[in-house]
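By letter and in written order, the chains are A, B, C, D, E, F, G and H; residue numbering begins at 1 in each of them.
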Amino acid sequence: MKRKEKYLDIGFAKLDIERQKRKKAVETIYCESKTDEQLIEIFKKFDELKINAIGTRASKKQYDAVKKVIPEVEYHKEGKIITLIKKEIKKIGQVAICTGGTGDIPMAEEAAITAEFFGSNVKKYYDIGIAGINRLLDNIDKIREANVIIVLAGMEGALAGIITGLVDVPVIAVPTSIGYGSSFKGLSALLTMLNSCAEGMMVVNIDNGFGAGYSASQINRKIAKE
Amino acid sequence: MKRKEKYLDIGFAKLDIERQKRKKAVETIYCESKTDEQLIEIFKKFDELKINAIGTRASKKQYDAVKKVIPEVEYHKEGKIITLIKKEIKKIGQVAICTGGTGDIPMAEEAAITAEFFGSNVKKYYDIGIAGINRLLDNIDKIREANVIIVLAGMEGALAGIITGLVDVPVIAVPTSIGYGSSFKGLSALLTMLNSCAEGMMVVNIDNGFGAGYSASQINRKIAKE
Amino acid sequence: MKRKEKYLDIGFAKLDIERQKRKKAVETIYCESKTDEQLIEIFKKFDELKINAIGTRASKKQYDAVKKVIPEVEYHKEGKIITLIKKEIKKIGQVAICTGGTGDIPMAEEAAITAEFFGSNVKKYYDIGIAGINRLLDNIDKIREANVIIVLAGMEGALAGIITGLVDVPVIAVPTSIGYGSSFKGLSALLTMLNSCAEGMMVVNIDNGFGAGYSASQINRKIAKE
Amino acid sequence: MKRKEKYLDIGFAKLDIERQKRKKAVETIYCESKTDEQLIEIFKKFDELKINAIGTRASKKQYDAVKKVIPEVEYHKEGKIITLIKKEIKKIGQVAICTGGTGDIPMAEEAAITAEFFGSNVKKYYDIGIAGINRLLDNIDKIREANVIIVLAGMEGALAGIITGLVDVPVIAVPTSIGYGSSFKGLSALLTMLNSCAEGMMVVNIDNGFGAGYSASQINRKIAKE
Amino acid sequence: MKRKEKYLDIGFAKLDIERQKRKKAVETIYCESKTDEQLIEIFKKFDELKINAIGTRASKKQYDAVKKVIPEVEYHKEGKIITLIKKEIKKIGQVAICTGGTGDIPMAEEAAITAEFFGSNVKKYYDIGIAGINRLLDNIDKIREANVIIVLAGMEGALAGIITGLVDVPVIAVPTSIGYGSSFKGLSALLTMLNSCAEGMMVVNIDNGFGAGYSASQINRKIAKE
Amino acid sequence: MKRKEKYLDIGFAKLDIERQKRKKAVETIYCESKTDEQLIEIFKKFDELKINAIGTRASKKQYDAVKKVIPEVEYHKEGKIITLIKKEIKKIGQVAICTGGTGDIPMAEEAAITAEFFGSNVKKYYDIGIAGINRLLDNIDKIREANVIIVLAGMEGALAGIITGLVDVPVIAVPTSIGYGSSFKGLSALLTMLNSCAEGMMVVNIDNGFGAGYSASQINRKIAKE
Amino acid sequence: MKRKEKYLDIGFAKLDIERQKRKKAVETIYCESKTDEQLIEIFKKFDELKINAIGTRASKKQYDAVKKVIPEVEYHKEGKIITLIKKEIKKIGQVAICTGGTGDIPMAEEAAITAEFFGSNVKKYYDIGIAGINRLLDNIDKIREANVIIVLAGMEGALAGIITGLVDVPVIAVPTSIGYGSSFKGLSALLTMLNSCAEGMMVVNIDNGFGAGYSASQINRKIAKE
Amino acid sequence: MKRKEKYLDIGFAKLDIERQKRKKAVETIYCESKTDEQLIEIFKKFDELKINAIGTRASKKQYDAVKKVIPEVEYHKEGKIITLIKKEIKKIGQVAICTGGTGDIPMAEEAAITAEFFGSNVKKYYDIGIAGINRLLDNIDKIREANVIIVLAGMEGALAGIITGLVDVPVIAVPTSIGYGSSFKGLSALLTMLNSCAEGMMVVNIDNGFGAGYSASQINRKIAKE
């Protein structure tokens, strides 16, 4: 086995091309701390290799810079994601994405686009937070049909625990930074979710819609027989 | 007005006797950091003045020491409270006390005994946490009948927000130190409660059953026309 | 009972219309993380249904956007609140609102407008912090006349405890983010208030004038015989 | 549907009997903050109803007390779990459980017993932490065969991210409180795991072997076609 | 100048004998982390040199060990201080020491004994916390007579700010670890004191009665013309 | 005694005019959270009453607004202070102000102007931090001549402890927010100073040059026989 | 020895000229909190004395201001460093600099330029983070050839521990502030690195590329026989 | 290369035997979370293989248990270390170990025994903290002779920065948990050290004498030409 073939060295970055075999998924590009030049270079490589690519936390400005060179890329504004689709993605199974409020929608969209990119169907249940619990109870039967449920909530973050208590499906909880004062930019929701006594919940980083979408898709595809 | 009459100086402590007029309630004795000798001295004064007294966070050992000198005192073991009843307490209205789990019961008992000492009827709804939301929904109509609701919960602490969303009654939330890991001795539940978007909830310190019982009783009595 | 009638689904949000019956109050709109388009849509629904609406943490820009479509809305600049009054509000009882300094006034105004919106008379006692305790002592007799007292203070946040020690009325304490250095954006005042040994105080989130105004009004109306 | 049948009210606690249908799993008993009397009462009910029961964070002393009344209960010392098996558990699929060091073994055992109780086969890979990465690399092919991987690590907690980067299987990371100084009782490992950029990892509370075991089993069974 | 004469090397420790000239005060012995053998050795040196010595945070056990070898040492039980008086201390001026509650008395005694050891007269005003502000107002005129005021308070710690607002004397605030829940072992009181807007207050470490006593005595003596 | 004469009510604020008698100092105006209109109103009152006034944390913009109405006010740019001098200030004694680096100079200037405003002479020793300890040792004899020493330092904040160990004068330590990474905006320096084992140091809030200047001046004047 | 010759007093700053003898290195200029005027003054002094100078955390704007007066200065944009080279620097030995991702490159460049300025050869291994461990394993043999290794990583920060486990060379770990959510601006990576159980790792402050470069160069030169 | 030979699998643990080649040092045994049985098993293996072994954070009880089976092991009580010496250790170069106070000595001994075990000569300078800086200045010339300096300090932790500013030798700083109140079990000293602006200092975990001793020895041996 020749190690050198495993990744592509483009100077400032080393692209993990072989990952598609090992992880059955391409490497994701975290755009936030990259320059326009670096992003263009990276997307160009994926384009040449005809591999689908996904870039998260991308600004509109970054997208515009990449777009000029690779016109095929698409921008998902709310989720702040750039995608480059070189071969069609076949979606199977179902992931349900729920949010406590409207403020959580951007992170929910990040999760949704990610889950779809990695091959899962997505259903969305936004603004069903616990302040008016009827909104949740009315939708719970449909939510239960998914193979995996993602719940995003800020402030107190209690929605994830409530839903987990009502279903027999793995739940991935995403604390969001929505809130003020002692919400401490998502810390409150993070602690709520980690300490939930509802059985069957797992947690990802604050605002990490991508991570939730990736894991949800991975589990969903395995259940739906990838 | 002679200030000297306002309190009783017994050396190491100054008893706020006049408070009964100003606050319409006696001064509470916080036992935790007091020596047996100090407690005996304080209860003796209340006994002589024929004023009801309540001592919180009292150990059995402290109670035994006081009991020897003032046999009339009573100990409420679960709530860790010593009371001295010199004139009968008339109870009015109703305070509902709910807990998420069985571990919250000691603080709930502290709240209950306090609310009763300050003149309120109490109804208890223990172990109705959100992991099994049916337990809550079955009791919610009875809980709604109270003038004030106290909710105690540890771990994620979400129960307070759920109840607040379902009732039209002031809710006092008590985060408890029940939990482990990132519950950080009640911090998680405290943050959950402070950040709840449910309207009509107020919060007291971690494990502060006394504070909740006092405020609940004060509000209840004013509503029930003291 | 048909659940579907309980709320209004407008796509990105689900308005809890039925709340007016359950909570005896309309649902509040948290504007901070909503787009102009979302806010316009929501206020239009309330306008059509002829229900009073209140939107908190609203920027002037958001107000201007809504104003263009629904000219009836009003903006309360200091408290950053948008209100839409479709039927006259009858105010009863009295809520006293006290601040430690002039910096706390925006959150105090949020509390005041909220308490009035939900049907309470409000009296204001601003800038009576403990640095010059005479300012407080001069006003304490008038403050005592209220059914509920809201105290807002930043920095050390001690005013709430002082007032609570002087009155026989429930006190709702609001820590504010006014301060610098180790005030940690309100954390210092929050801890001060949670740890107060004054009996009869409850706390809400940092800068949460709305929550204090809502709870104060709810308690006041019940005491004043709603 | 009659709500009253959904759970069993035994005074201080309300057993969520119906959960077996809703969650396809019995309610777990969190022993830590319960008295011996309460535990005996609860296990007696499960015994009468012939339902399997599992109690976590149980001391040897608690076990001894329950054992006297219900001789059938078993104690899993390292994982601190009491089980009561009334009908045989059929195990399917496979969950892999890895630890960084020997200090993580008690929480790993909690996870293992839980996963088995809820119907999964378990394989254990203990003491394969990153200080000597060969130990991990030698076992990685066998670890990859599981449907779900649980990784427990304290101190820096990096093992979870390393494993996730090497496999195409969902990973559940459990930060443990093993360590000293700035490990802050597991906080360091928790943050490491939440911030991992490895794709496909989810996190549970510090030392929460139970939660990891439950979720892992739930996912494993769905993949293995429950 | 020969440096070697500046201190005394006794192997495991180096006694700063010259300090009496430089700092006009002897070196204080922090007993908490020293062995009995080390303490005996140190006190023996001071005894031989006929220099007054003061040891803080000393247990009764440590005192007993030293006492056996140097019978002249005295133990101040509440303040946990060992003193060895080889020449009489002349006390001048006045330091006032105030506490919020009875629980703060041990740290107050540490401050008092320290201030006296370093040559100041001390007056004590214990248990004058803000829950009953009359107790403070009655004593304020006498407190004002001191050259420096030390205020010790736990829980919310507001007493220091109140007193500072009422006097024209430097105030040294000592947060104490008395409290529970979100008092976080004195952090709450520390933040309150640091953020006080009362002019003329300075703060020392949590429970640091010694530091307050030392600084107060130093300032007092300079004002009283040492 | 007529309380009404004690302060001046100007609507949004209540000026503590009587303070000059009680505290022997005027009330300081904290400008940061005040509107231009409020500041103008307040300075106008002081101007009419012919009382010296000092406003801290004032922006240039605020100064310009006040200047237009009261041309006599002066702006101290580095210290961000507005002063209005209606009667000449007589300065006595000496306060030494030391900084670790050049970044601490703005807070040092706030302290210096404050100390001078309240009647003390000031000597400045800037940029004498411990990285090059010679700079400190060369100046220590002159520093020792002051009645009180203020030490400002960010990052590790160790300078205050070093100086305190070398002098027989009260030291007021000011942690500054200069630094990055784990300096956490001054928290690191604050903790260093609070935990110093050097005897004779007291601490004020992060960046609180004003508080240090005020206390230093108060102590200095009492020693210099005010 | 005349102390006065040890440093250069230029009013607002005191340059530690003698350091070149004592520390065998010039004093570094921390630019972040200095004014343009101060920087020009300082660089002018170094220029006159013909001593090499290095200024860290310098903005382009600061560089432009200094450049106008001393045209010889150079700007290293990515590392935000200004250097003034008056005599040629001889580089010996080798320092390896590794980063987890591309976002860590600016701090890596700060380390690289610093290490070179202080006389070490540097080799760079960027973007070899653990998400794709092949990238690391492929380079490890070359990395091992250095005398000292610097590892920069944000988010989980695990790369430093992995490398340390694979080499027999001192490793200096630099946590970076790259990340979001619970990375808490580098705190997560800092804790990971401090708690690593890999033997032979030392840590510097978050984003402190300079400190790592300085220490690495110092150790490298001593090993390479300076 | 056959991977299986790289380590020894003894069931619950996998001993990294090959490390002696890769890391030029044996694997260290972290005793704190191991059972007596596990420790005996591990030491037996090292004994059989005739490899030197070192176990840290070992209690006397653990030592006694191992001693019974392998009589050759030695216990270093103050440093809490068990060593098993199978072949003589040749010591070269010099590591200096300094402590601020006597309370830091146990961690200093851990460092000293570790450095000696891994082949370095050690010189100790205990109790030279900054409260009396003469103690440090008198010893600094001797300290400078070492190849590497370890500085251990608790409370404010400033000693490490002072020493670093005075020498041209790499310094490894060890924050210790000695202190009380806001020292937060070593956090204060840790932050002080991380934020030091003295050039040439690196930091290890709180109380991590082992880590400092290991790294110091590694650097020392490379400089002294291993």
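Note that in this section contacts are C-beta pairs under 8 Å (C-beta built on N, C-alpha and C of every residue); 3 or more make two chains touch, one makes a residue touch a chain.
All values reported here derive from a predicted model rather than from experimental measurement.
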Shortest walk length in steps over touching chains, chain C through to chain G: 2
Taking CA centroids for every chain, report which one is farthest away from chain F. D
By mean C-alpha coordinates, which chain is most distant from chain E? A
Since chain A and chain D are copies that touch, just let me know if over half of their interface numbering is common to both, same, or not, different. same
In angstrom, rounded to a whole number, how far apart do the mean CA points of chain A and chain E lie? 57
Distance from the CA centroid of chain A to that of chain G, rounded to the nearest Å? 36
Can you list the residues of chain F that touch 2 or more other chains? 30, 101, 131-132, 165-166, 181-183, 187, 190, 194-195, 197, 199, 205-206
What are all the touching pairs of chains? A-B, A-C, A-D, A-G, B-C, B-D, B-E, C-E, C-F, D-G, D-H, E-F, E-H, F-G, F-H, G-H
For the complex, give me every residue of chain H touching chain D. 3-4, 6-7, 12-14, 16, 18-19, 27, 30, 32-34, 38, 57, 175, 177, 186-187, 190, 205-208
Would you mind writing out the residues of chain D in touch with chain G in their complex? 101, 129-133, 155-158, 161-162, 165-166, 179, 181-184, 187-189, 191-199
Which residues of chain G touch chain H in the complex? 22-25, 28, 30, 147, 165-168, 170, 172, 190, 194-195, 197, 199-206, 211, 214-215, 218-219, 222-223
The answer for chain F against chain G in the complex is residues 101-103, 105, 126-128, 131-132, 134-135, 137-138, 178, 180-183
